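Shared chain: chain A. Partners: chain B in the first complex, chain C in the second.
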Partner chain A sequence: MTIAVLLKQVPDTTAKITVSNGRVDENAVSKWSFSPYDEYALEAALQLKESMGGELVAITAGPARCEKLLRDAAAVGADNLVHISAENINDFDSTQMQKLLAAAVEKSGSSVVFCGKQAADTNSGSTGPGVAELIGASCITMVSEVISDSGGYLATRPSSSGHEKVAVSAPCVFAFDKGVVEMRRPNVRGIMMAKKKPIETWSIEELGLDLGTSGISIDSHSPPAEKPPGQKFEGADSVSTVVGKLRDEANVI
Partner chain B sequence: MPYEALDFYDVDSLLTEEERMVRDMVRDFVDQDVIPNIEHACREGVFPDEWRVTLGEMGVLGAPLEGYGCPGLSYTAYGVICRELERGDSGLRSFASVQGSLAMYPIWDFGSEEQKQNYLPKMASGEWIGCFGLTEPDYGSNPGDMITKAEDMGDHYLLNGAKMWITNGTIAQLAVVWAKLDGVIRGFIVEKDDPGFSAPEMKGKHSLKASVTSELVFQDCKIPKDRILPGVKGLRGPFSCLNNARYGISWGAVGAAQACFDSAKEYSLSRIQFTHPIASYQLVQNKLAWMLREITKAQLLAYHLGQKKDAGTWIPEHISLAKMNNVDIALEIAREARDIHGANGILDEYCIMRHMANLESVKTYEGTHDIHNLIIGRHITGIQSFTREL
Partner chain C sequence: MQCTVIAETVGDSLHPITSQLIGAASSLGASPIVVVPGGIGSEEAASIDGVSKVVSVVGDCFSTFDGGAWATALSPQCNGVIITGATSNGREVAARIAAKRGVPIIQDVTGLSDGITITRPIYSGKAVETTTVSGDCVITLRANAFDSAGSGGSAAVNVVDQSVDVSIAVKEAINKATERLDVSEADIIISGGRGIGQKENFSHLEEVADIIGAAVGASRAVVDEWGMPHSMQVGQTGKTVTPSLYIAVGISGAIQHLAGMRSSKYIVAINKDPEAPIFGVADYGIVATWEDAVPALKAALSSL
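For the complex of A and B:
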């Protein structure tokens, strides 16, 4: 059995984001990382593979810098690495991305797919359900844990009254939320094996895809509005004013 | 604020992808496991055993050694590991230096095939801890006059003498001990339970508090004949080990300096005096600029030395220069950083004072600052100045 993990490289949460000419300046991003929800998905997929055998293929789409992500995935245990080469990844809308990833999943022969519930940069949250629809698979979202269970899988996700366990059989897609597992740290052996592991690079043409044109166009990016300056109060006379603001404006007391 | 490693010239861009991955792995370990626990470990005066386990799991012990379960990384990668560990604490880096360069290395280079197969895999995994016995109470910079001796008793060796300032001694399962056999310095592997061997811990240190320092005492210590290291005689044995450990220290000191710089920068930006952040004052900026300057130079020294180690084009004097310079500037940076932190700098809420106190030891051990100057002086002039007995 082959398990696919869909990984997205996003600016690290500590990286400074700059906007120039109405676009996020990717060249100014000092550090790229796994999208955090993808890390949970990868760790859960590794654990599932370890419990039942099979192969794990890590799939990412994007420019050449994304290969780092695949090496990192290999260092913790991904068996096969697939890079869908696409320099203009930001020009694709969610539907196009889903087509791209669904085609790669099918080409990899995977029947079980793990991904994050949303990417930490675009946050659209559509990849898991979209890919599931295209490959004709069941989809479970907001998953925190997956175990194998009598030929199928048992996924834990939140419900209105706590947690529910959902039984599903392949083909299926699990979109991961933050759960009980943190991604493992690699070790030197894994890192050295990752170095030797080949990365399969697939172009959009090789996947036989006609993605058409994007249905949406991004007008511009803008940084978050700056926080308004704080207010300063001095002296005992201001106590009643401060208490009033904390109570009526900040609603904290 | 998350730690940001100062790398003004982007020296790490010269590392291989593998070396950067190793860096990130060790940096993550230090962030997650070491920094939150280091002050407690210092107060208790213990080396947390979990760190031994994790170092073994990460597979960084004996980093540049190949075969027998060892990692087989580059010397540059070994340097990077030391730098990241010492960003956490010099005691942690000392543990790794002693295990890899001083205990595993001599077995790897000078040991018999049986010794390598017996000891190296369990030392690489962290299951066994090693220590290194060279320094004696009366012989520090002058190890050639050591008193500890070994006698060939026919079917075993008998060791007598004492070693001092031995990192990992009390917690080690194995000691590589240098002793004179018929007047010639030889290496011996002593195991924890060998009769006549004890390793009492030295207490009361103001430095390297999260590292175990011990005496090694040999009173008619009886060891089997197959525990002598067959491959080396004379001071070349221990000095070969020290070259590797000192090389790692030249990188490690950069890590301690980076930690102090990072803390000083953050503190100076947030500390308000005379209505402005102290970072806005010229005297403080001058200090920060000097720190950046010295760290950048030290990084370049360490990196280039790493390349020379990997290419095999190094000489011991290159290592002396890097060890001496980098520890020296790291200690001065720690002191300046303490100054920038004002009174807060003496609290264990900040890493400054701990690094400063640690670096006082690092300046002295593995060849004192002055001895390294003499090694370089001898290289320049061709005249040794260690002793008057010419």
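For the complex of A and C:
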């Protein structure tokens, strides 16, 4: 069995985002990392593979810098690495991005797909369910744990009263929230092996895709609106003043 | 412009965001069709101002949440620009409907204007993106970002029976330990961070929360280090919240935390360090220890 993990390289959550000429300046990003939810997905996929055998293929789309992400995934245990070469994935709309990833999942022969519930840059959460729709799979989102169970899978997700365990069969997509276990750290042997691991690079043409044109156009990026400076008070004696202001100025209590 | 709103329900009534979705559709000049999954709250939807028609979609598939099945059942009733709430279920159904119809989706929208021009936060609020869509699309709207439509409408309700196979079966329900309000649902949130010393001190924040009907949130540091439930975590790898009032106690204000709460309507920060970054986003900052400020807060709120 082949398990696919969809990974996205994003600016590290500690990185400052700067805007120049109406676009987020990627050259100013100090550090690129796994999108945090993808790390939980990768760890859960590794554990599932360890419990039932099979192969794990790590798939990412983006420019050349994304190869580092695949090496990092290999260092913790990904068996095969696929880089969908695309210079500026930010110009794709959701339809185009999902077509690309769905084609790669199908080409990899995977019947189970792990991904993060949303990426830390676009914050959308469309990829997991969208890819599931295109490959005709079930999808469970906000997952924190997946185990194999009587030929299928048992996934834990939130419910209105707490959590629930739901059963699902392949083909299926699991979109991960923060999981139960943090991503393992690579050991030296893993890092050495990862350096030698071949990366398969697939172009959009090789995937046999005609992505058409994007249905949306990005007009601009801008920094978040500056908040006017607030009022600052010293000492706990001011608490009652602030509570009064919350009632009379802000009308929120 | 043709526009369809997919209602969001909670328990056996409409979720308040539904009225905001209708308000947003009306602001674009549309008289939306409202599609109600499972038929819950159809009459209520029909009474909201600006609604042209309610389609109540009923079927066994609505007893379990399966985004794929729901999308299959709801999509045939939708037309034009499709709007849902940017809740976890709303986002999933919306993404599947968009993929099914081959139209783009834009999630977590905070501003809409004619045309359609859409604004939304990206990089967890560290930047804002403005996009223009031509043609049909699916958009999900952030809770509390749009004004609710009024009531007084009297749209017709059509009932459609739509049977669809569900591919997910609930095997086991695990109830949460407390009946506390969830941070993503709350209008007031009081959150604690490392500055409150230890896990046990959250009981003081819970007492404040009980007085004003607030939810209790937490920073990533205390979720990871003290084992607080992840459901409480506000920030980039937790929940993004937009309550009317957010009270941060002993939270320094790491960039990832600010990303999750900076669009709250009013922010109160209590921190003993006058240089803490949280004061940069606070409407009302109080430089004090939590040991002094929280009892004072309790007393002041009790006497309102």
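Rule of thumb we're sticking to: the second predicted complex is superposed on the first by the 232 of 253 C-alpha atoms of A that agree within 3 Å, B and C clash if a C-alpha of one lies under 4 Å from a C-alpha of the other, contacts with A are read in each partner's own complex, and residues count from 1 in each chain.
Quick note on the criterion: a contact is a pair of C-beta atoms (placed from the backbone, for glycine too) under 8 Å apart; a residue touches a chain by one contact, two chains touch by 3 or more.
What you see is a predicted model; the values in this text were computed from it and never measured.
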item	value
Combined model on chain A: chain C and chain B, fit or clash	fit
Centroid geometry (CA): angle chain B/chain A/chain C, rounded to a multiple of 10 degrees	120
Contacts of A:Asn187 with chain B and chain C, given as first, second, both or neither	first
Partner chain(s) touched by A:Thr95 [first = chain B, second = chain C, both, neither]	second
Which of chain B and chain C A:Ser51 touches, first, second, both or neither	neither
Which superposed partner A:Asp72 touches (first chain B, second chain C, both, neither)	first
When both partners are placed on the shared chain, which of chain B and chain C touches more of chain A	C
Chain B versus chain C as contact partner of A:Thr201, first or second or both or neither	neither
First (chain B), second (chain C), both or neither touched by A:Ala120	second
Chain B versus chain C as contact partner of A:Ser20, first or second or both or neither	neither
After superposition on chain A, the shortest CA separation from chain B to chain C (Å)	6
Those residues of chain A which chain B touches in one complex and chain C touches in the other	14
Contact footprint of chain A on chain C as seen in their complex	10-11, 64, 66-68, 71, 88, 91-96, 98-100, 102-108, 117, 121-135, 137, 167-176, 188, 212, 230-231, 233, 236-238, 240, 244-245, 255-256, 259, 262, 265-268, 274, 279, 281-289, 292-293, 295-297, 299-301, 304
Residues of chain A that touch chain B when the two form their complex	14, 68, 71-72, 75, 185-189, 191-192, 194-195
Footprint of chain A on chain B - complex, ascending	2, 4, 17-18, 21-22, 25, 28-29, 57-60, 63, 71-73
Residue ranges of chain A in contact with chain C within the complex	11, 13-14, 16-17, 19, 24, 36-37, 93-95, 98, 117, 120-134, 137-142, 144, 154, 156, 158-169, 172, 177-178, 214-225, 227, 230-240, 242-247, 250, 252-253
